[in-house]
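In what follows, chain A forms one complex with chain B and a second complex with chain C.
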Partner chain A sequence: MNLIQRIAAGLAIAAVSTGLLASPEDDLKAFQGFFHKRFPDVSNAELGNGVYAIDPVGRANWEAIEEFPPYEPMIDQGHEMWDKPFANGKHYKDCLPDGPALGKEFPHWDKKSGRVVTLPLALNECREVNGEKPLPYNKGKLASLLAYLAFESRGQLIDVKIPKDDPRALEAYEKGKHFYFARRGQLNFSCATCHMQSTGMRIRSEILSPALGQATHWPVYRSKWGELGTLHRRFGGCNKNVRAKAFPAQSEEYRDLEYFLTYMSNGLPLNGPAARK
Partner chain B sequence: MRDEHRGRRAARSLALLAGLAVGLSAAAADSNIEKGRAIALERSKGNCIACHMIPGGDSPGNIAPPLVGMKARFPDRAALKAQIFDATVRNPETSMPPFGRNRILTPKELDEVVDFVWSL
Partner chain C sequence: MRGVMLTITLMLVGCATTALAGQPEYQKALADAKAAQKKAASVDGEWRDVGKLIKQAEAAAAKKEYDTALKLADEAKAQGELGYAQAMSQKNAGFPSYVK
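Moving on to the complex of A and B:
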């Protein structure tokens, strides 16, 4: 059995075949352990730098880019958005009193609405209750607002909780986990095919980034996009790369996936926004 | 005597035809190999080079074994074709896409790629 089989067995298959679910705590240990074994010299905090934690050549280019970060103007734009009152005189802060440093509070399970609530979703719902139109989720103004909030949250440690008092929370987590390990698309890849099984290896000339740390640094200014984009935009891009149909940003599928993926990065420092190739 | 002469002429013609046929099929195989090479290197088609080193191809990936000595690794062409058609049959955990099963390549393209890979 290779590594991915062992990890998949630890995380999912064994759970089904024995009728016992591995707890999220067990999953977390197995998941992070997998990467510590694959990259024994790379710390958790470094893994938040994605592929640049394991690619010295790419890292030098990236460090040069980060000296004059391309996302800086968007942080300023997001700051203005945060401070500017809605037409009714209220602010985002009236919905999210702990803001702007909100990073470690999301995503979270919301018992009342019975779903995973992400930060972009909470921001748009705040707009709607205050009579403002929701903003598009993939890029643009909402991404700028997220960039400001991410910047203010830098250094907070990820601490996603799967509350035990609501079985639906565990169910959402399990759905996200299943999504992560399920093969999809004409090319038949799961997220884990590239970002666990083949992480550190090259697909053409690109090194495949480790899954651990992928949730720490959104939104991202991606050179390929030439602008900021959100985590769910990237999920959609990955799904299209494997020739699968992308789900809409903030769909239940992607929120559950974010819940699982971010939980797997528990303990890592938030370090968004970030620049990527 | 005349019959004998006619027979020899017929035999010569046949030999000529046979030779032509061999020449043609060799040319067809060469052209299949060339078509297969193009498919193997083309990102939207086989894109074999994304994961496999291919002699003569630039910037290969290193996820999968180099495509060399293929006739030694697959003495049976049909086994190689089956592997490219759906590698998950032999190894359910493989990262290799099932090029035939998921119709990433047409049957003709699959045959061309098999000819090319088998020539390496």
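Moving on to the complex of A and C:
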């Protein structure tokens, strides 16, 4: 974390604790309230379907795709990975005993390591503890494993917590929030420029999806990719689209961003994996 | 004969001077571009193409195309400086007024 971020986060924590700045609970109310006003006829659960909640033509196309989900073979592959023991005879379940339906437990603040832990990070750390090589984060086998875990987690409600007994958790949340609203790249866009301010409008031929619900359905089979990809792959793609340098998947920047963005979707049902254009 | 040799020597020196013209300017521009890139990255403000522009500048310089290399390095420097300025301008970014 650079000096500016440290100072900004420190000031933010002081401001929240003295009531000068909105708390995460206030933010959640404002964030979700914005979309309820913008799309008054669309429920929270529907917003988990992304742009297909607000684009009837795209939705018809998407529903046809979902009749034969392109991610189905990856769920099966992920299931096999979950059940297959490591070389030492242990399983993922030895690290993550509540699995495979782990969706609602991530991301979470880990007080011991002082960082946001995401599900892909926990899976790879489980592999390393058991003598296995970590898997690439953006796509491939790890995405398939995530697809199985997401499928098993369908229907769970997002319930990300910002523990009050560790100010570093609020700091991580504030950093993620700052990332979301800061303009970046040569095009000078923030995440919010497209997915809040301009949501429902067109960018070229595409309708911009609402931010609320964007954390519910990962990993995603994107037709553009022709394969399954993870949330952090999408973060990187968005950053490149606005001509900013992308951060690595599972970097502190993207884990904090995921922490904020998922917290903003608290109360929405998990519905991954999903298909998107 | 001596006159011919002198002419040829002068021509060769002239060509070499032309080929190397711009090299010092390029080298300074490249150093400036790398410094600007580093400064922008220090505040998470680096733009996508700065690294690519620097690599393209270095490739052009390797072919002794210093005019091209200089232009690319200058563009990288400008983008590095703008990325830093942008990040500084956004240090207090938060919920925009249209949300609340």
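Simple rule for what comes next: the second predicted complex is superposed on the first by the 258 of 277 C-alpha atoms of A that agree within 3 Å, B and C clash if a C-alpha of one lies under 4 Å from a C-alpha of the other, contacts with A are read in each partner's own complex, and residues count from 1 in each chain.
In this text, contacts are C-beta pairs under 8 Å (C-beta built on N, C-alpha and C of every residue); 3 or more make two chains touch, one makes a residue touch a chain.
None of the values given here were measured: they were computed from a predicted structure.
Once the two complexes are overlaid on the shared chain, A:Arg204 sits against chain B while remaining clear of chain C.
When both complexes are overlaid on chain A, the residue A:Gln186 reaches chain B and chain C alike. When chain B and chain C are set side by side, the one touching more residues of chain A is C. Look at A:Asp27: by the touch rule set out above, it reaches chain C but stays clear of chain B.
Using the contact criterion defined above for the overlaid structures, shared-chain residue A:Lys240 touches chain C, although it does not reach chain B. With both structures placed on the common chain, the touch criterion links A:Glu253 to chain C but leaves chain B unconnected.
By the touch criterion stated above, A:His178 is placed in contact with chain C alone, chain B being left untouched. By the touch criterion stated above, A:Tyr71 is placed in contact with neither chain B nor chain C. Residues 2, 4-5, 186, 188, 197 of chain A lie at the contact with chain B in one complex and at the contact with chain C in the other. Of all the residues in chain B, the ones that touch chain A in their complex are 49-51, 59-63, 88, 93, 95, 97-98, 102-104. The touching residues of chain A, when paired with chain C in their complex, are 2, 4-5, 8, 22, 27, 30-31, 34, 177-178, 181-186, 188, 190, 192, 196-197, 239-240, 243-247, 253. Partner chain A is touched in their complex by these residues of chain C: 41-51, 79, 82, 86-96, 98-100. Here chain A touches chain B in the complex through residues 2, 4-5, 186-189, 193-194, 197-198, 201-205, going by the rule given at the top.
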